[in-house]
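Have a look at these structures, which come just after this line.
The same subunit A turns up in both complexes below, where it pairs with subunit B and then with subunit C.
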Partner chain A sequence: MRVDVWITARVVTAAATLAVLTVIVFWATEVLPGDAVGVLSGPTATDAEREAVRLALGLDRPALERYLEWIGGALRGDLGTSLVSGREVAPLVGARLSTSLAVLVPAVLLIVTLAGTLGTAAGLRHGGRLDRWLSGTTLGLIGTPDFLIATALLVLLTAWWPVLPAVALIPPGQSLWSHPELVVLPAVALALGGFGSTMRLLRASVAQTVTTPFAEFARLNGVRGHRYVWGVVVSNALAPAVMALAVMTAGLLGGAIVVETLFNVPGMGSELTQAVAGRDVPLVQGLSLVLGTMTLLLLLVGDVAAKLLHRHAPATSGGHR
Partner chain B sequence: MTARRWVLAVPVLLVLTVALAGPWVPAGSVTAPIGASFAPPTAEHPLGTDVLGRDVFARALAGGRVLVAQAVAATLLGSLVGLTVGVWAGVTHHRAVGRSLMRVVDGLAALPALLLLMLLATGMPGNDVAVAAGIAIVSAPFSVRVLHESAARLAATDYARHAEARGEGLLTRTRSDILPGLVPVALAEAGIRFVAATQLAATAGFLGLGAGAPVANWGRMVRENSTGAAMNPLPVIVPAALLVVLAVSVTVLIDRTSVSTRLAPERIERAA
Partner chain C sequence: MRRLTAAGIAPVAVSLVLVGCSAGPEPGPGPEQAAAPVTTTGGALRAAFAGGSTETLNYLKGPTALDYVRARLVHAPLCELDPSAPEGVAYGVVEQIDVSEDLAQYTLHIRDGVTFTDGTALSAQDVLYSLRAPVLLEGLPFTRLVARSFDLDAATVTDPSTVVLPTLAPVADGRELICQSMLAIKDGTTEFTPQTPSSGPFTIAAFEPGQSTLLERNDDFYGPAPTLDEIALVSIADGTARVNALRQGQVDYVSGLSPAQAQTLEGESEVTVVTSDLPYASYQFFSMNLDVEPFADPRVREAFKLAVNREQIIENVYFGHAFEGNDVPALGFRSYDTTLEQRAYDPDRARELLADAGQEGMSVELTAGPELPGMVETATLLVEDLKAVGVDATLRELAPGQLFADYPAYLALPFKVGYSPPALFEPNYTPGTFPEVDVLVQTARSAPTAQERLEASHAAQRLLWEQGNQIAPVFVPAISAASTAVGGVRELQFPDLSQATVTR
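What follows is the complex of A and B.
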């Protein structure tokens, strides 16, 4: 299949998935029983009062009509107003996104550095002592739920060895970007959650490249040291690695929900937890839409980048992927 | 099973026993305060008290069943969907329909699991069954993919194609040619799904989805009590340790089981 056809098909798939996501978001928040009426009218409301709230919100209209109206607004950048705080959802999501990225970007950089270095080292000498030790450690990290890793860090570094602030209390009017000391703990917690699987995937990719005939050929021809590692192994293991990094970053968006909630980082994840607890329907919809779109975009970019990188790779791996 | 694998199976069985039989042990009230918050262990209350002065021992015994039940229910449901859809798409004559079905499954697998879980929890607040259903929905696409791949490989074998050429029906071919070879893969896949489902169920409890406080839940216990870890760490450590032992032992067990599940841990991470 030609590459441009493949990319077009991939973009169409991503767009279709996004459309499905909007339907799921709308259906879960407005059609299932826990809709906005219960929140606004309170637990002691009579049936007549609830009916009045329903009419005021326009919930008596057909679901399809409301869905199209919501999508139309979202396309124009209007995500409605929060039921709890009365603020506009779109600017609120924007502000939360900026805070989330302040934690996410350092976490991604940390994983790329650590997983890249250790994964390459372990893959170059697979079966060696470092490889076996890392294999056991990452297996433990993967088996442990992310929230436990984050809680362990929080408890260790705040209760027993208090060197870092546990809770991200940002002075009003300032952004998290200007307070690196508040980012460290949540970023490390987030990075530890995604490190295990990424390291293992990179290691597998490097180990597979090392055993290919062309890598052996290069070794036999005396290509050694940096030229061997960078020119032969890393450049050929890059396509699956880029893919793994995209999947990992998309996964961190989900992990951020837990980490932000635990460390009280006022990002998209903690806002989503609060909005779900308070059943703030427009806010849940807006946050889910942005989080879901970012995930799908990341996976799309990763797929396309891996495809383009793979096109330039020598066709020695059997050509299937 | 080798002796080494039996050793790994012991902690799994222990934690499952604590989780499932725990609520039957008469260990006192789960919700009534018995003293000050975060009191250290005593002979009467071997794990001390939690943030609201409740008995940690009783809560730890009571808090695992709902998680394990959610994980098991979601695993069974997800595997059932995976077997049905995956095998059908791998064996059917309608190749084009099967392929488009797999594209839809790929799309669903790309949606973030925790986000879908939180959306369902918004729609059905305080509902443990909704959490289990949500976990099944997010894990089914991964089962479908793995089982489809294996079923398609088995359907391409000579004996399966002979059966097809003889004109045997879809059900007969599935029962006699596909399923026998698929069983080990399906079991290993169910194991992977179980670990991911346990993690998701615990995370749901941690985030306060499902039945609300005062009900005991290992995931929520970690969250509730993390502030008092300096005074009495046991209400955090005990439920956390039970969860880690369960998840890590099952992960290691699967990792050692067979070649067909290589990269199994990565797939757990991807789903959870």
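What follows is the complex of A and C.
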């Protein structure tokens, strides 16, 4: 298939998935037990007071009507207003996304650096001492829950050797982007928890590429050093690692709940858990929709990047072109 | 009073009051310092609460404790509960409340010399608007306590410093209702922004929901001038993160700690842990549904109450930071009946009662959620206690926020946990379960003499103690912690930071 046709088809699939996702998100919030009326009214409100809250929130209208209104608004960039605080959802989600990205971007850069160098080094000499040591370490990190990594960092860098703030306290009117010192701990915690799987995939892929007849041919023809590593091995081995990185990044965007909670980073994940607990349906929907869209986008970028890498790479043992 | 909503704003537990950081450097039972450091004027206090992005300046709609703590600093209270005062209240911008002989009319006298930040003087019209605001501005149900007992539409301003407030039916506890959480706002206020005119000890310099609020001293405040120049209220949703921030000196004061977190801080030299005093402790109860067959039998209800080992709950769940309950609400308030015998832990008698009722080996599922610190843990121990007397008890644990989210479903549960924040018994009693108690509570609120009212209240409490469907093993106080440099925090239903001091 031609690449441009493939990419178009992939974009259309992503758009269709997004459309299905909106229905699922809306349906999921409908079947969530209870609603904001119960949460807001508290345990001792009278029935009349509960009914008044329900009317005020517009929860007495049919679900389909509310879905169409929501989706219509979303297309115009209006995600409604929070049932709990009465604030507009769209700017709130925007702020949370920006905060999440402030931690995620450095974390992913760290992951790419660590996974790229260590994965390539281990794969080139697979079975060697470095490879064995890295395998053990990364397996250990992959198996360690986020909260343990985060707690260990807290003990190390805020209690024993207090060089970094324990909790991200952002002054009013400022964003996390202007406070790199607040980003270090959560970003490192995310990177340590996340780089293992990407590194191991790249290592396996590099190790496999090194043994292909193609790589052997290159070596026999005197291709050495950087030309060999980058031109022959890495460019050929990168595709699966890029896809893995895309999947992991998408996961970290909304799934960094533990790290966000422990370091008080007001990001997408912690906001979503609080919104679910408060039955703040428009906020849950807005956050889920944006997370879903971002995830689909990241996966799309990952797929397209992998496809392009494959296209330019010389034949591998699998013989894909 | 301000109700804590059940929201997953779980940390609302924050709100539980933190009593006792009395002014001065040695709040609580901690080691006294040899010489009290001199309290300097000025300075800034950084206080952390659970908060969250649902934070709002509109305290009538704000579901988190932080919303009220901030509002209380920005808007002057009309008056406040004060169980030790002769009338049960301490006056604020309202300097006196007179009650008519027939308990059908309350007259509020407004203090002279109170001004808003826009320079206008506070008048009776503003006070009347403040009383009506929870209804006019569609405040959450827990803000509408006054509207439930007073005819606000018929209320009148008779002169610039007097409001006359008729009741819907005669009530004697109207002062407490008015003083539970009413703040003074300007007539016609419909939205709350940092620029909204206010009359409290501080004004809002900056506000970022879910992050922080910066408050600056209002030098035109009518009451005792605050010592602090600034207060920063920061939002840290997670209790552990709050503790970490305090340990590292990022904040000076943290609210809403769990008993376990408090335990980890006990003994640290730079930190003082404070548990709120009575009456500021939440009533945690386990409610038996009378529509479900075994609980219709009073013997079964009494057996369940006797089966609970309250001491064990206080020690193992709360590390001593809790008050023993006696299955009736409002411990520490003036009308609480202290003559009731403390319920014993008597598993043998419980077993006998269950046998008499033919309910040995009965099955029951207890539904609980983490809406209050230690709630699920208490439920776990209660289930074990019930198993020990032969009940086939199981625990169903819900996710945070789920317990009250579907209220009709919650009410229909056979056996469930619940709580109410510190509040008077009589006005907060929900009628409909025990007709005899309903009548007594009505008398306790409206009888002509104080003696008759108190006797009726005690009779109602005794009936609930004997036959009621709530097991209340403990009252749960709020736990806060502060750096030893902090003093003057008044731990009322919500912490009041207006007179706080920081010595550096």
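Methods note: the second predicted complex is superposed on the first by the 289 of 321 C-alpha atoms of A that agree within 3 Å, B and C clash if a C-alpha of one lies under 4 Å from a C-alpha of the other, contacts with A are read in each partner's own complex, and residues count from 1 in each chain.
To be clear about the criterion, a contact is a pair of C-beta atoms (placed from the backbone, for glycine too) under 8 Å apart; a residue touches a chain by one contact, two chains touch by 3 or more.
Quick caveat, the model's predicted, so the values are computed rather than measured.
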Review point. Now for A:Thr261: first (subunit B), second (subunit C), both, or neither, which partner does it touch?
Key: both
Practice item. Examine A:Arg279 and indicate which partner it touches, taking first as subunit B and second as subunit C; both and neither are also allowed. Key: both
Check your understanding: Which of the two partners, first being subunit B and second being subunit C, lies in contact with A:Ala102: first, second, both, or neither?
Key -> neither
Review point. Touch check for A:Ser270: first (subunit B), second (subunit C), both, or neither?
Key: second
Practice item. Could you look at A:Leu154 and tell me whether it touches subunit B, subunit C, both or neither (first, second, both, neither)? Key: both
Review point. If you stack the two complexes on chain A, which partner ends up touching A:Gly196: first (subunit B), second (subunit C), both, or neither?
Key: first
Exercise for review: Check the residue A:Ala16 against both partner chains and state whether it touches subunit B (first), subunit C (second), both, or neither.
Suggested key: first
Practice item. Based on the superposed arrangement, let me know which partner A:Ile24 touches: subunit B (first), subunit C (second), both, or neither? Key: first
Check your understanding: In the superposed arrangement, which partner chain does A:Ala246 touch: subunit B (first), subunit C (second), both, or neither?
Key -> neither
Practice item. Show which residues of subunit A both subunit B and subunit C reach, each in its own complex. Key: 33-35, 154, 159, 261-262, 273, 276-277, 279
**Study point:** Residues on subunit B engaged by subunit A in the complex (per definition of touch)
**Key:** 103, 106-108, 110-116, 118-125, 195, 198-199, 202-203, 206-209, 219, 222-223, 226, 229-230, 233, 236, 240, 243-244, 247-252, 255, 263, 265-266, 268-270, 272
Revision key, fill the gap. Residue positions on subunit A within touch of subunit C in the complex are 33-35, 37-46, 49-50, 52-53, 56, 82, 84-87, 92, 96, 154, 158-159, 162, 165-167, 169-173, 261-264, 266, 270-271, 273-274, 276-280
Review point. Where on subunit C does subunit A make contact in their complex?
Key: 3-10, 52-56, 58, 61-63, 138, 140-142, 144, 148, 206-214, 234-238, 240-242, 244-245, 247-248, 250-251, 399-402, 404-407, 409-410, 418-420, 428, 430
Check your understanding: Which bits of subunit A are touching subunit B when the two form their complex?
Key -> 13-14, 16-17, 20-21, 24-25, 27-29, 31-35, 138-140, 142-148, 151-152, 154-155, 159-160, 194, 196-197, 200-201, 204, 247, 250-251, 253-254, 257-258, 261-262, 272-273, 276-277, 279, 281, 284, 288, 291-292, 295-296, 299
